[in-house]
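Given below, in the form of structure tokens, are the structures.
First chain A sits with chain B, and in the next complex the same chain sits with chain C.
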Partner chain A sequence: MEMIATLRADAAKLLSEGRAKLVIGYQARGMHRAPLFVSDPAKVDRLVYDEACKQNLAVYLRKPEVRVKGPAAIVAPPAVMRSLMVLASETQLAEATVLAVDTNAYHGVLDLAGVAALLKEKYADLAPPKELFDELAKLNAMSPEERARFWTGQFAKCTRCYACRAACPGCYCLRCIVEKNVPQWVSTAAAQHGNYEWHVIRAFHQAGRCTLCGACEAACPQGIPLMLLNLTISEEIAKRFGEKAGYDPAAKPVVGSWKPGDDEEFIR
Partner chain B sequence: MAHTEPQTAQAAAGYQPRIVAFVCNWCTYAGADLAGTSRMLYPPNVRIVKLPCTGRIDPLFILKAFEGGADAVLVSGCHPGDCHYTSGNYHARRRWAIFRRLLDLTGIDERRLFFSWVSAAEGAKFADLIRSVTAKVAAIGSFEPANPARRRPWK
Partner chain C sequence: MKTLDANKLSDLAAALAAAGYRVVAPLKDGAEVRMKEWAPGAAIDIGPVPVNSIKEFLFPRTEVVAKFSLEGNDFKPEPFETPAPKTAILAVRPCDASAMAALDKVFNWEYKDDPWNARRAATTLVSLVCTAADEDCFCTSVGGAPDATAGADAILRPADGGKKLILESLGAKGEALVAAAGAVVAEGRAKADSPAQVPVRFDAKAVAEWCAGNFESPLWREVSLGCLGCGACAYCCPTCHCFDIQDEATRTESVRLRNWDTCGLGLFTLHASGHNPRPDQASRWRQRVMHKFSYFVEKFGILACTGCGRCGRICPGGMAIAQVCKEIDEARKAVAK
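Coming up: the complex of A and B.
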């Protein structure tokens, strides 16, 4: 309780001192948690934080309609902090005012360097739940034909609403590949080939950038297990290149940089 | 793109694999050219798509080939250090390493995706590569109906 009171007080202070014109945080709507945009210091009491706050708020920092209301301060649990590091490393974010929270701690108001230090010190081993690894192992134990059937069934549910894209802080392109239609690379019809291409290319475009926050899968109204795709890529990158996204604000992109000695055992 | 016609059922004896090869202009294409001018025989199952550099090969190209009914895709370019644009193949190598893993997870397994380096002097290597890739794909057979990326008619 004391924790949330301090957070609210800090938010009010940032707003009244003019260090931020907008605070992006969470509010309670019954059992649900929704994003809250507050610019009036008198209204910061609506800010809440608990383990039910799953949405990745970093996604709003790149939205033009939010940016015009800025500069914004953001309530950030560890998953959001990692997204901020990715945005900073991709020069999408020059500076940030971060109200760093966790379910049982409040770390105060930090800047990007402060967030980087905090992540290294306290959250260096963030990982998705064990069940996800188990599920992926199960899938990898199948034959390729079984895997193809599994994914064809999963992708068949897709309605191409692009909620996965909208929820992802990494998907900030103003014009997505799927909207490019001269030529039409990815079919927009909710049919097998277009769905397959969309999900594979969405996951691949996050390669080396995905922090496994789970926002895409949580946003999917059809329950497609997108995290299995994301985890596969992250695991491969960790194994091959020893990189883990979302810790270094000056990190080079994994896809887009190279080393002469990169492993090439699969190339003849 | 006239690749929407349904694939006819394969006759076991007459089955010929359809392989799409994305190659770079400076090394592998020149290597293929050398194989041809040297009169080296290799199976005609490969459709070569020439690009300026392996760095130009968007992963979407590979998906498009499978969408259009390819049984396998081969990607080939200059050896490391030989890139005409100095680093295109190094960039491509990282991309492939990750992308092949993703395709494998989603059902386009590693038996249908081939990568190689073939220089302009390696006509014999190119002919040999095409022979071995064609033999491997012929052995596992058509990608129909398992191909998860295949374009299918509306139901």
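Coming up: the complex of A and C.
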């Protein structure tokens, strides 16, 4: 049977057997891909999966309006699976029913342990495309002044719509620092000062947690290359702590934990 | 008729800049085409619909609306200027130009907004007839057209299969701009290309009627499940105009800022008590649709949606106001049967 047909059959089965009351997957809206929330087993035929499905659906698992319709099963390509691992390790997700999919394989219905095993076995080497590393190398070769000019130009585009935050499964604070307004911590003006603060804070808060899924950059309506910031920090985490986010559902947070072997050269 | 070669828009921009205009045009900017201030060497691209609307050149993302100096417990107002440079915006989409009617209404409702009116008076809009539309375009569903002239001071019509542009002035500002263009535009003959075909996707009047009786409908929750709660749709929208007032101060001076804001974000309606009358994306989406298709029409007699389709092109949750309206229209028809 064709891959998508098997996935649809599994989704229908989960719904009709009551193992899930909601399946979160992808549907096509013309050229766009949009999330599909399906509760009726007769309507699973709208589920699609292809390379155009860039949104990270794990973001919906914490949305209250979606949760009340659950328990939910989620269609998860590897990037989404890694977000589930992060959410589990941060105690945001106790269990999950996952329809594990990839562009050329369907791995069936898995739980969190099954997803962890699958990631380790088949997707241990997930990494962003080489072009992104090349871009970052170019950026790192610049003088600090040139690099500051680059980011000033990029951040000038930002309207502070926070689509990057909204699209990220890891950005789940009920009240983000930019919304702390008594007093106002970060300027809300979409101008240089506040925009710099916002982008640096967003990236820093992802240290050791970002799985490089690319959802934030794909969400940005202004085309700001957020993945360059994310990759900078992920590379630093890998170098300093030897960690790669999104594989171990029991992982301790890199920034919030300490190990005897941790690098201490920065303590002077 | 006045014509110019379609690839000579940069010459037009240069002539206008030499005549003292700040020129804004759709420019290539990385992978995007963005309405941006033109400078010599910038590449004008009139192909795709730009990612941003033109509103930020008349209603900036952030602007100073008052200035104070502080000394001890005293503060006194300080003079400041509202920048309103003479501006020409080139190749404005008809859907963006027609948004001016809605913004003129709201910024001159009970209070006359000086910064808006000053910039409006200083700005000349040169529309561009759309000869192609994508699947997100829906101007014809909201009373617009790919060759509409509403809000424009002059219009560029692609002609001779896209090789030429016909420049027509539509009023005094347009006349002045054509005069400033000088030799870049010349008397000539060209055959205007057909405007794009944009199918009608829903009945806007029926949507407003349905809204009136369905404030508590469960459909709001259904259609908004994908909404992630960001402001991407509002900030690319040519008519969304909500703002927040913020004071930013040091020990010696303070500025009062008007910053864009949006009903899509939870903080927009959060009370100091902690209560939020719009607690979820369902109530925020209801507000978005009601404001554009119902409240605005009741108050000002026009829709606050021009069918540009940007919200549907950029939504990170795959949503589109046209799709929501279509679903409302379908729900209404299903009940009527």
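Brief remarks on what is shown
Basically, the second predicted complex is superposed on the first by the 261 of 268 C-alpha atoms of A that agree within 3 Å, B and C clash if a C-alpha of one lies under 4 Å from a C-alpha of the other, contacts with A are read in each partner's own complex, and residues count from 1 in each chain.
To be clear about the criterion, a residue touches a chain if its C-beta (ideal position, glycine included) is under 8 Å from a C-beta of that chain, and two chains touch if they have at least 3 such contacts.
Everything numeric in this text was worked out from a predicted model, so none of it was measured.
In the superposition on chain A, contact of A:260 is made with chain B only, not with chain C. Contacts of A:64 after superposition: chain C is touched, whereas chain B is not reached. Once the two complexes are overlaid on the shared chain, A:191 sits against chain B and chain C alike. By the document's definition of touching, of the two partners only chain C reaches A:218; chain B does not. Contact with chain B, but none with chain C, is seen for A:200 once the two complexes are overlaid on the shared chain. With the contact threshold set out at the top, residues 187, 191 of chain A are in contact with chain B in one structure and with chain C in the other. Only residues 59-60, 63-64, 67, 80-81, 87, 90-91, 93-111, 114-117, 129, 146-152, 154 of chain B touch chain A when the two sit together in their complex. Residues of chain A that touch chain B in their complex: 139-140, 144-145, 147-152, 155, 177, 185-187, 191-193, 196-197, 199-201, 203-204, 207-208, 228-229, 232-233, 236-237, 240-241, 254-260, 262-264, 266-268. Partner chain A is touched in their complex by these residues of chain C: 29-32, 34, 51-52, 61-62, 135-136, 221, 224-226, 228-232, 234-236, 244, 246, 248, 257, 259-260, 262, 265-267, 280-282, 312, 314, 316-320, 323. If you check the complex, the residues on chain A that touch chain C are 29-35, 37, 55, 59-60, 63-66, 157, 159-163, 165-167, 179, 181, 184, 187-191, 215, 218-219, 221-223.
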